[in-house]
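Structures for review follow.
Heads up, the next two complexes both have subunit A, just with different partners, subunit B and then subunit C.
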Partner chain A sequence: MSGRDYFIKRTVLVVTTIFVVIVINFFLFRIMPANPVDILISPTQGQEKMGIEIKEALMKDLGLDRPLYIQFIIYLKDVLQLNLGYSFRAPRPVIQIIAERLVNTLVLMFTGNVISILMAVSLGVIAAWKRGSKTDLGSLISALTLTSMPMFWVGGIMLLIFSVRLDLFPMFGVTKIGYSHPNFLSYLGDYLHHLFLPMITMALVSFGGLFLIMRNSLMDVFSEDYILTAKAIGLSERTIIFKNALQNAMLPLVTIIAIRIGFMFSGSLLTETVFSWPGLGYTIYQAVEWRDYPILQGTFLIITILVVISSFVAELIYGYIDPRIRTGASSG
Partner chain B sequence: MMAGTKTALYKRRIRDFILQYKESKLGIVGLFILVFFIFVATFANNLSDHSIKPTGGILKDRFKPPSSKYILGTDDVGRDIATLIMYGGRISLLIGFLAAIISGGIGTIVGLTAGYFGGWKEDLLMRITDIVLVIPGLPLMLVLASLLGSNFWNIIFVISVIGWTGTARVVRAQVLSLKERAFIESSKAIGASDLRIIGYHLLPNVFPLIVAQMILGVGGAILSEAALSFLGLGDPSSVSWGMILHWAFAVGSLSSNYWWFIIPPGICITLVSLGFTFVGFALDQIVNPRIRRR
Partner chain C sequence: MKMLLNKKNSLFALTIVTMILCISIVNVNAEVINPEFILPRDVYKYGGDFRIARDTDFDSLNPFSGTGATWMVTITTYEGLVMVDPEWGVAPWLAASWDISPDGLTYTFYLQPHATWADGMPVTAEDVKYTFDQWKEQQLPRMLPYVKNIESVTVINEKTVAIKLYDMDVTFLSRHLSWPSLMIVPKHIWENIEDWNTFVNDDPETHWGSGPFKLKEWKKGEYCQVEANLNYWMGRPYVDTITHIVISNRDMQILAFEKGELSIFNGLNGNEVPRFLDPEKWKIYTIEDSGQPNWYPNTRQRPGNDTEFRHAMWYMIDRETILEAAHFGYGKIPRHMLATPYEVGGWIPPETVTEPMNLTKAAEILDAAGYLDVNDDGWREYPDGDEMELKFSVYDFERFIKCAEILIDDMQSIGINVYLNVFPSSMWAQVHLTTFDFDFAYFRYGPGGGDPLEPMSWSTSWGDNWIGFYNETFDNVYLEASAILDPDERRPLVFELQRIMAENYAYIPHVCNIGLKVLNTEVWDPLPNSLPWGPWSNLQSWHYFNVHLKGEPGAAMVNLAFEAPSEAMQNEPVVIKATITDEEGNPLEGLYIDFWIEGFTVGSQVSKSNGVAEFTWVPIEDGDYEIYTAFPGTGDYQTATTDPITITVGAEEPEPEPEPEPEPTQDNTMLYLGIAAVVIILVAAWFFMKSK
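Moving on, here comes the complex of A and B:
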């Protein structure tokens, strides 16, 4: 397969995936037992107060009296214009709420995963180089244990130790409530203070899986002929690891990230919920709790599209740095 | 005569398997963990004198720290947490096993069909697999569970819907390599039907692989159930480890420092899912030809 074919194939896949996601998102919220208008008229208030005329007017207004395929076309047009409807709870456009909270998710995911990747790469190198050593076994077992822990529970334990017992960090939110910061620096300090525990939680829950894949692929790299040659001609361990092996390990790292972006969002969802960190994950959680379906539908759509696109970008980078794909040398 | 040699063959295979399994220290540790938890969950009603129904003296026995009467303390309605955990193991393990079996079944059907028939069926099934793989799991489970409503079977369904992709890929890869072997070719040549080839030749050969995948999947399913319960989408009528944690978080055990309400259920989830991972790894080492070659 040549580089161009690869690119075209992946692009087709990503466009189909996004389309399928939009279709799923449209139909999911229509196969529910309740009619969208019944939900719009808030399940807690009940529609009796509204009367049948208002219900019919609303259905007409939302285009729900039209055939399904027309409804879908309307929905598709709305999505393309980023018109995702209004929240039930606060009468604001869904897209506006998502835009506000996206930053917090990105900050948490980025910082947490950078720490986690640094830990996974450095420990992965040591573990794969000294295979079977105490460091290898120790990090292997801690990685397996970390992947077996419920992510939200890890966050809870962090809070229990560092906020409740030691009183070092705040328990929720991004900044102190009801406190106006005199300058940006003070705001930033407060933000980072709130970020610390969720960030460490995020790093811990991502570490296990990253380390396991990193260790495996580095073991493959270390057993390859050129590394053996390098050892044979007497290059120092340092040179071999940093000059040769690590460069080759970057390749699997990009693939791992591409595969795990979806997982990172799942981790972020739970971490955000434990720490009441107002990002997209916490928004989804609140939408479920309040049965705020426009928010739920919109946030799910945006998260999924973000994941699909970022995995795609990671794959493109992979295609770019892997000479086998770039030049089409491999037939697989 | 034929039957006799066949039984002997199976006996030898099982003996070989046990010998190989004994080699794996992690596998043995994992097995011990699982046997322990399955035992405790099965005999929960014999092992504990406490009931999981709220006690009469609710206010008196709320949030009691661990003592000789309540080994792990009590919850917000005065129930013994150790007993809750024993009963909770039943639901968590049951959901884990059922979800792993169902998603393993879906994965097997998809993988076999794609690998054996090839062509457009393979293309279509593998594209679907790619798409399910890329959609972030937890948000999808959350949306499905909140739309379908959360009860025991819906939770299993929701976990299975996203859990089958790994098995599908592994089974397909194995079927692709089996398809080239002589015995499949010759069965085709003598006119065996597709169903017969799949049922008699392919399935028995991929079965050990599927079992290893399923065992690996149980831990993941238990974690998913816990996450859904924590997010308020668990089945409120059944006690699972995830539900216990949900109640613990919901009544503010964190800020009130009721650590006994939070730490033990999480340790149980961690140990059990670690146990399944260890056993699954050990099995995979033996039955997965891709790993074995390394």
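Moving on, here comes the complex of A and C:
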């Protein structure tokens, strides 16, 4: 298969996947128990006045009194026009709400995962190269411990130590309350100060799994004949690791990262909740509570698009790292 | 003569009727401007940022379309006509007083004479009319049940408005107490808004209400901050800002509170009290909950539709254990069917109907009613022999689950086969209003205080009667009670309604909760009187208005003086200049000076570098006005007040009538010239002819 055919095939797959998700998105939330109006008038949500009358008026107002197929046609038409509608709870455009939050989530996910990957790769290389050493053992135990810890627990401990006891980092939000930043650098510094704890928490929790994959993958590679040959011809340790071993060992890591992108969003949900980080994860959590269909549909659609595109990019990278993937069909 | 007598009699009768009508108009309140539960404005320390955690983000800042978190902000920036008072009654707010017509159909509200919007414009009857009219016109779903009984809203004069109802509703005022959406908004801002349903109201430049605070900043997803409205008609509040911070996780809220990031923590559990017992650092406030949790049978189906089964339930409840195990001691055992706070208003009958648990008696009643274990499987069957398996539904609130578990244990011990069904709180309305999928439910209803007829309407056959209780006598007495305007006359019937419910075991009163809040007293002064920091939004609005920093106003003395013209004219601006200096005469910058006219703060201004704070006042009516300025004090300086002076405002001179335009004078020069020319021509012609 030529590179062009490979690209076209993947693109068609991406578009189809997104369309299927759009359809599932609509019906999934409507088969959930309780409808959004029930929640809007629920006394548990601060609404003291329950009543069938309010319920009927809200149903009409939100268009939920129409037949399901009509709702679906309207939804499909709107999505194709990139109109994700208005939130049921907040009378604001969904796209606006998502845009406000998406940046925070992407920053948290990106920085947390980059740190996690860097830690996993560097420690994985050292542990694999010095297999059986104290460094290897220490890294292995740390990785296993961190992997087995629940995210919200790690986050809580981080907050307790670094924020409550040592008062080094803030407990919530992305910037200081009521502070007017004189310039962008001041804003950036404040933002990073708030980002540090959730970012490190996310990095620590996802580090363990990536480290184990990297270490095991490298150990497999180190036992290959071509590494032995490289050692025999007198190449330096550095050359062997970075030129020969690492590229081959990266293949499973890239695959795992691509698969994990969807899970990263769920990881960010917990992190955002613990650190009150106003991101998309936290928005989804609230939208599920309130059965806010438009927000849920919108966020899931955006996340799906991001995951599908990320997987698409990962596959292209995979094809680049390992040409056998790209040409597999024609050679097979 | 007969005709004359008849006419005389008619006139006399008419006069008498008119007098009776005038006398019988119920004047509910004398003119009260500042409710007594508002603290004086000049004796406590000003300043500070009062921080509260909110577990959900604000959906909008529109009081008419928002929900819980939104109202916590809008109750500080907007105001309603009336509010609840510490004795659970109705107190003045934007309405200084009101009259109710003898037929109970017309409510005439007299607005606070000095109330203004945050931009300085006066609050008028037009604003009230516009707000009420728009609730109807905009078809706001949440307002519809309220406005459907309003026939018309009429402006009587600038500060008086009359609301006419279609049908008499004695709970009309009480509804305001628990309905934080019922806020009055400025017409001059909101008339530019097309769709009130989608209006987010997040612009600090236009989020102007008449409340003690105005919007400063809403950072979506993070926090919402309001700042003191310096022109508030009851004087500016003590705190500079209130910040509502979004922290969704409860444990993180407690951590943030303990660290000092929050000023108050709401929703403390009884078992957490020992963490906050240090009187140097914390003060715990207890709040008697207006809502009473009750144990409800589903009277639509068996066994809930059997009065004898409900009679047995009456003896199955162990309130003492529930109080200790589920409420950790913070609760009250009710005497009757209504929540204990109604004791204050005298709405609960003198006798006690709730009884201690007596499982033996409960079993005897069940036996006598035919609920026996016929097949010896250990569980009782229905009288007709059918198996009985009952569902006890509660939503996922820890305390409710605990209460239900205690009840289930006791019921099972006398052979009732009942199991617990916990559902998400989001499904509450579906279970209770749509599917009615429960045999027993546990739920807290939350009336807003005031008149108990409002929560009682839920037990009528036409109300939101979700338990399905139906009793014709109850309906009739309810109708009779709801036609009596005078609360004292109505009281016996309200007692009667409760007795009917108790005699029919409509539901089983549970344990009233006592809520707990804890204040950080290292920074904030505990409030001098025990304000009921209640669950209702407008109760919290007083609290925000009264809360103040710890400590006395500062020790250093200041000199405060002001100057204003002794005479002014109606509708013409009057500039009042106050100067504040320290003891050595150095000007003080950045201090708030309040400007008082006729006993009201009409505005506050900050002193500039020369120590001068300037305020411009436009007198609307003529007369003598007593004016003075006051400095409320800070952490460094003591309070100071100037002696008053009187400004005499003269009536506006009537516009002089425009003098009639002088008739345009005709320019006759050309005429004279023409005549002269004709004369000359004629003379010349005469000479010419004569010479010929």
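As a working rule, the second predicted complex is superposed on the first by the 261 of 332 C-alpha atoms of A that agree within 3 Å, B and C clash if a C-alpha of one lies under 4 Å from a C-alpha of the other, contacts with A are read in each partner's own complex, and residues count from 1 in each chain.
Just so it is clear, a residue touches a chain if its C-beta (ideal position, glycine included) is under 8 Å from a C-beta of that chain, and two chains touch if they have at least 3 such contacts.
Predicted model, so just to flag it, every value in this text is computed and none were measured.
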| item | value |
| --- | --- |
| Which of subunit B and subunit C A:Pro182 touches, first, second, both or neither | neither |
| Touched partner set for A:Met151, first subunit B, second subunit C, both or neither | first |
| Partner chain in contact with A:Leu159 - subunit B first, subunit C second, else both or neither | both |
| Touching partner for A:Val307 - first (subunit B), second (subunit C), both, neither | first |
| Which of subunit B and subunit C A:Met171 touches, first, second, both or neither | both |
| Touched partner set for A:Thr273, first subunit B, second subunit C, both or neither | both |
| Which of subunit B and subunit C A:Gly234 touches, first, second, both or neither | neither |
| Contacts of A:Pro67 with subunit B and subunit C, given as first, second, both or neither | neither |
| Partner chain in contact with A:Glu289 - subunit B first, subunit C second, else both or neither | both |
| Touching both subunit B and subunit C, residues of subunit A | 156, 159-160, 164, 171, 273-274, 285, 289, 291 |
| Footprint of subunit B on subunit A - complex, ascending | 13, 16-17, 20-21, 28-29, 31-32, 144-145, 147-153, 156-157, 159-160, 164-165, 171, 261-263, 265-266, 269-270, 273-274, 281, 284-285, 288-289, 291, 296-297, 299-300, 303-304, 307-308, 311 |
| Of all residues in subunit C, those that touch subunit A in their complex | 49, 51, 56-60, 62, 65, 67-69, 71, 139, 141-142, 144-145, 178-179, 197-200, 216-217, 219-223, 225, 241, 243, 245-249, 251-252, 255-256, 258-259, 261, 395, 397, 424-430, 432-434, 443-446, 448, 464, 466, 536 |
| Subunit A to subunit C touching residues, read off their complex | 33-35, 37-55, 57-58, 60-61, 86-87, 89-92, 97, 100-101, 104, 156, 159-160, 163-164, 167, 171-175, 177-178, 273-274, 276, 278-279, 282-283, 285-286, 289-291 |
| Touching residues (chain side subunit B, partner subunit A) in the complex | 127, 130-131, 133-140, 142-144, 146-147, 219, 223, 226-227, 230-233, 242, 245, 249, 254-255, 257, 259, 262-263, 265-266, 269-271, 273-274, 277-278 |
